[in-house]
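Each of the two complexes below includes chain A, the first together with chain B, the second together with chain C.
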Partner chain A sequence: MKISRLSAWFTIGIVAVFYVVPMLAMTRFAFQRIPVIKLSWGNVFQKWTIQPIIDSFGSPDFQRAASLSITLAIATALTTIALLLPTMTFAHLGSPRTRRFIEISAVLPFVVPAIALVVGFAGAFRDTLPILIRSSFGLVPLYVITALPFTHRTLENGLAALDIRTLVNASRSLGASWWRTIAFVIAPNMRASIATASFLAFTVVLGEFTIASLLLKNTLPLYLSYAQGSNPQGTFGLGIVLVVISTVFVAMSNRFGKKVRS
Partner chain B sequence: MAGSSKRRVRHLVFLPYVAFLAIFLGWPGLYVFRSAFARGTAESSPMIEAVTGQFRGSFVFSLQLSFISASIGAVIGALVAIAVVRLDTVGGLRNTVVGYSAVAANMGGIPLAFAFLAAFGMQGLATRLLREINVDIIGWGFRISDFWGIVLVYLYFQIPLMTLVLVPALDGLRRTWAEAAQSLGASSAQYWRLVALPILTPALLGGFLLLVANAFAAYATAFALSSGGSRLVPVQIRFFLQGDTITGKTNLGYALAAWMVIITGVLVTGFQLLMRRAERWRR
Partner chain C sequence: MNRNIEFRDVAKSFGAVRALVNFAIRVDEGELVTLLGPSGCGKSTALRVAAGFEVCDSGDVLIGGTSVVALPASKRGIGMVFQNYSLFPHLTVHENLEFGMKVRKMSRSQRTARVGELLDLVRLAGLAERYPHQISGGQQQRVALARALAIEPQVLLLDEPLSALDATVRVEVREEIRRIQRTSGIATVFVTHDQEEALAISDRICVMCDGRVEQIATPHVVYRSPATPFVARFVGKVNDLAVEMTASSRVRLRGHALEFSVPQSEMQSGEARLLIRPEDIRVTSSAGGEGLQGRVDGLQFGGATTSLDVAIAGTNHVVRVSDSTRAMQFGIGDTVSLAFDMERALLTRE
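Let's turn to the complex of A and B:
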């Protein structure tokens, strides 16, 4: 490969500027009380304040939205693990065909865009099981589905690195039940993958807008979109917080993911 | 322990997962298609009306947006991937770029819209800085909520997604192939055109399809940028579900959703097949 190092640096430099500038602009807007039109080199460092975001944190609407989002994130992660870990452990004990079936079914959510999923969900359950649409926890199964391609991939990598058959046979022959085997033998060995899958589920839930918005549930992203008008600076500040949190989650899942592979 | 009972237990164990998918993915999906094909009292099938009538423009708009943002994103993302692999000797660079790409590829929704409003909106920081150097993008007619504005915002997650797809593919190009080509007298351009490019083609095409599907399904960012007035297909579907005003026409909303599933289905299947082909060189 004979591309000059200079042009490689140039490409990365331009794209880095493109990645950084919007985040910088959002940060400045959120924390500096000077309109862009009055901004000059003389006052770049003046009037920085965190008051707007503190106001946002104090707002009861924000607190409700944040606690809903956090609850949903935890519920989604727990449901995902409870559903996938036993299923995938057994798939690893079974034939390659079962594994293949689970693998293909896990990427199906990619095919159904969130908007189509939520429209079908609302239509299918409006008359049969309206509680799923009224209750905020009705979002959990949809989030489990949305996150499935990512969470399945992560757990699959983790399971592939273990000798499941030996672990299960050892545990079973010592008299442990299936439930005990999965909870106390498989799960502890899968700590890193379970953590990674949970972080990915958190990221999906904290960023998801389409489904919550169509089912009229006031999660954090919905709060951001509505509160923009009343306290734009604080709301943009919350936007930054959300970006930072999901950056940390993705970074952690990258890190744990690497540990699994090595 | 009888073998057959053991097997039965194992099959039962898959029941929760299969039932979960059937109830929360399969049934909603079926419901969309069933309603989309239900003619009701209307003259023509909703599936046909969805792509011929007033919504044709929405599909054209959504697809144009997806293809253009995917094309630009694929080219730039590929260049970044090549640059990263080229600069592999620089410590930490690869991890930084690939790591941030993973973050940015997952970025979207409301915070991303905020960031671009703050940067490239009418009163944006970047808009202002560009004006300082006599580049007046607002004067040129650029608006962040317009077509090209949305393309710019989408590039924020399209470029890194392509980088993520392509870096492993580039790693699969063995040094020995470049050396073999060189020792046989090939120029660098010839090596790229005749050796590297054909090997990379499935990954490039697959990545492109993934980017198209990615943009096509996106909703929140565009919605937040233009406060619901956008012509995107997903935003149109929203109006159908929320407003019962156009009675007897709700099936049209399902037909729009069904077409979205069909289009992303084709794109994602194409991506999967091409990526499997790309894997062949990585053994």
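Let's turn to the complex of A and C:
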């Protein structure tokens, strides 16, 4: 018992070192105007500033990239819920085989590399529906797929906690249409799961680099990559802000998740 | 318009399993008919077909004389109460009752007035602002019943609404359902596997087995004059004894010499089963008794009645006797005489 507890703390310690040390180094580099070779215990609390990040916020390129990423994140979250909630509700009402099929499909993005997804997507739609390639919103379906392993699991947990069949039948027997049933009976009882899935989709979009890069869309991760040469401190500062935002979202997801389980 | 429901030769299969076979029954306005049978006999399927949650393979379902099989569940005008608690957890009792009325676009004042009436009807006037998790299981089922009635349905379908409740609450809610059904005068189909519940609540009982109707009759007739051996065995307790026909109107228990007269039987000879209810066997002390002799093997005190398990001397038969006036006199090990009321017995080859 004591050994297992010790090994748990050891693991946490190792993870913390690998996670916290780079974060601290990043933070110092972004917000302290002292070159690392001149750093000493005497000046460790001196010359801290948030000016680099203020400069970044003022950059039109950053504003465009951030605005695009946030718009895509919201669109991805909304599309995910609009597609998944009815589909999974029907799957719960139907045969267990359908549910298993959806479950297996939902984890495929873990094993299909992003580059394969983009190549397939571009090959399929370049000639048939070129707007999907040209428009930045063409990223949304790809982001929905990328976030699927997380969003599906979250919604699945929420649906499993409800007696979907009885609620749907009760609503239908009271005269409600399918649309009304999903919007006014299922969705309100899935608030926590929907919020969690949305946060996770949002976080995935804010951090996604490969797909946007291959399809040449200037999202926030791409801006951070390109701007490193001209404003390295600012981009590291923005990186820290993104990590904080993502951590807050994950924490909120966790909080909602606990609510769902209870 | 006559508010009734009629199943006309409804058939429904799930793969190779035939859940309903030429199911035909009619429930008139003001009547409560119970579908009674063991698990898997098709009673809930019949209800789900009527509600529109399942599509029948053939046959027709008519509500108020109009076929509804082509209509979706939301357009059938039925009220339904489910076995599982079906109140919407995110809505208060008041909001749950309003749900169907909002779908029908009733005005706020109409809705409020109707909710008040319904809460009075189910005697839950003080609980309007509570959420489902803040009220008991029995109260939840009463609210579910009120919610089903809120839309003024033509027919009420109750799918084992009491099975999730504990014994005391079950009886209370059962009586409440009957009172409300009588008050509203609505044609009601009630599904249960609990024979006591069916006998207590129904105007008529439809006993089902393997998707087929075995008997439709009043509770008294179903109990006293079962149409088939299955009904006799399923509804109430019955002693099921192996007998041999010695002549067209004589039988004797297998392994016993004593013969009984059977009032009417088409069977001429051979092996048969004699089905007789515990209360149709009279028990007396062996000193003055004639006929079958036995020894008391078990005794169950049930309050109003006492049951004895009597091993018939010289055979492997053990019969249960439920004699409210005499059984109390005997104890385990006593020797007794048994007299079968053959007028009430059922003789069958099965």
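The rule is simple: the second predicted complex is superposed on the first by the 249 of 262 C-alpha atoms of A that agree within 3 Å, B and C clash if a C-alpha of one lies under 4 Å from a C-alpha of the other, contacts with A are read in each partner's own complex, and residues count from 1 in each chain.
Note that contacts are C-beta pairs under 8 Å (C-beta built on N, C-alpha and C of every residue); 3 or more make two chains touch, one makes a residue touch a chain.
Predicted model only: the values in this text are computed from it and were never measured.
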Inset, instruction - Check whether A:P22 is in contact with chain B, with chain C, with both or with neither, and answer first, second, both or neither. - result: first
Inset, instruction - Could you figure out whether chain B or chain C reaches more residues of chain A? - result: B
Inset, instruction - Could you tell me if A:R5 is touching chain B, chain C, both of them or neither one (first, second, both, neither)? - result: first
Legend entry - Touched partner set for A:A170, first chain B, second chain C, both or neither: second
Inset, instruction - Please work out whether A:G229 is in contact with chain B alone, chain C alone, both, or neither, and reply first, second, both or neither. - result: neither
Inset, instruction - Check the residue A:P96 against both partner chains and state whether it touches chain B (first), chain C (second), both, or neither. - result: neither
Inset, instruction - Figure out whether A:R180 sits in contact with chain B (first) or chain C (second), or with both, or with neither. - result: second
Inset, instruction - Overlap the chain B and chain C contact sets on chain A and report the shared residues. - result: none
Legend entry - Contacting residues of chain C [partner chain A, same complex]: 51-53, 72-76, 78-80, 82, 84-90, 99-100, 103-104, 144, 147-148, 150-151, 157
Legend entry - Touching residues (chain side chain A, partner chain B) in the complex: 1-3, 5, 7-9, 11-12, 15, 18-19, 21-26, 28-30, 35-37, 39, 83-84, 86-87, 90-91, 93-94, 98, 102, 105, 107-124, 141-142, 144-145, 203, 207-210, 213-214, 221, 224-225, 228, 235-236, 239-240, 242-243, 246-247, 250-251, 254
Inset, instruction - Would you pull the chain A residues touching chain C in the complex into a rising list? - result: 163, 166-167, 169-177, 180, 185, 188-189, 191
Legend entry - Contacting residues of chain B [partner chain A, same complex]: 10, 13-14, 16-18, 20-21, 23-25, 27-32, 35, 76, 79-80, 82-87, 93, 97, 99-100, 102-104, 106-112, 114-116, 118-120, 123-128, 155-156, 159-160, 178, 188, 213, 216-217, 219-220, 223-224, 234, 237-238, 240-242, 253-254, 257-258, 260-261, 264-265, 268-269, 272
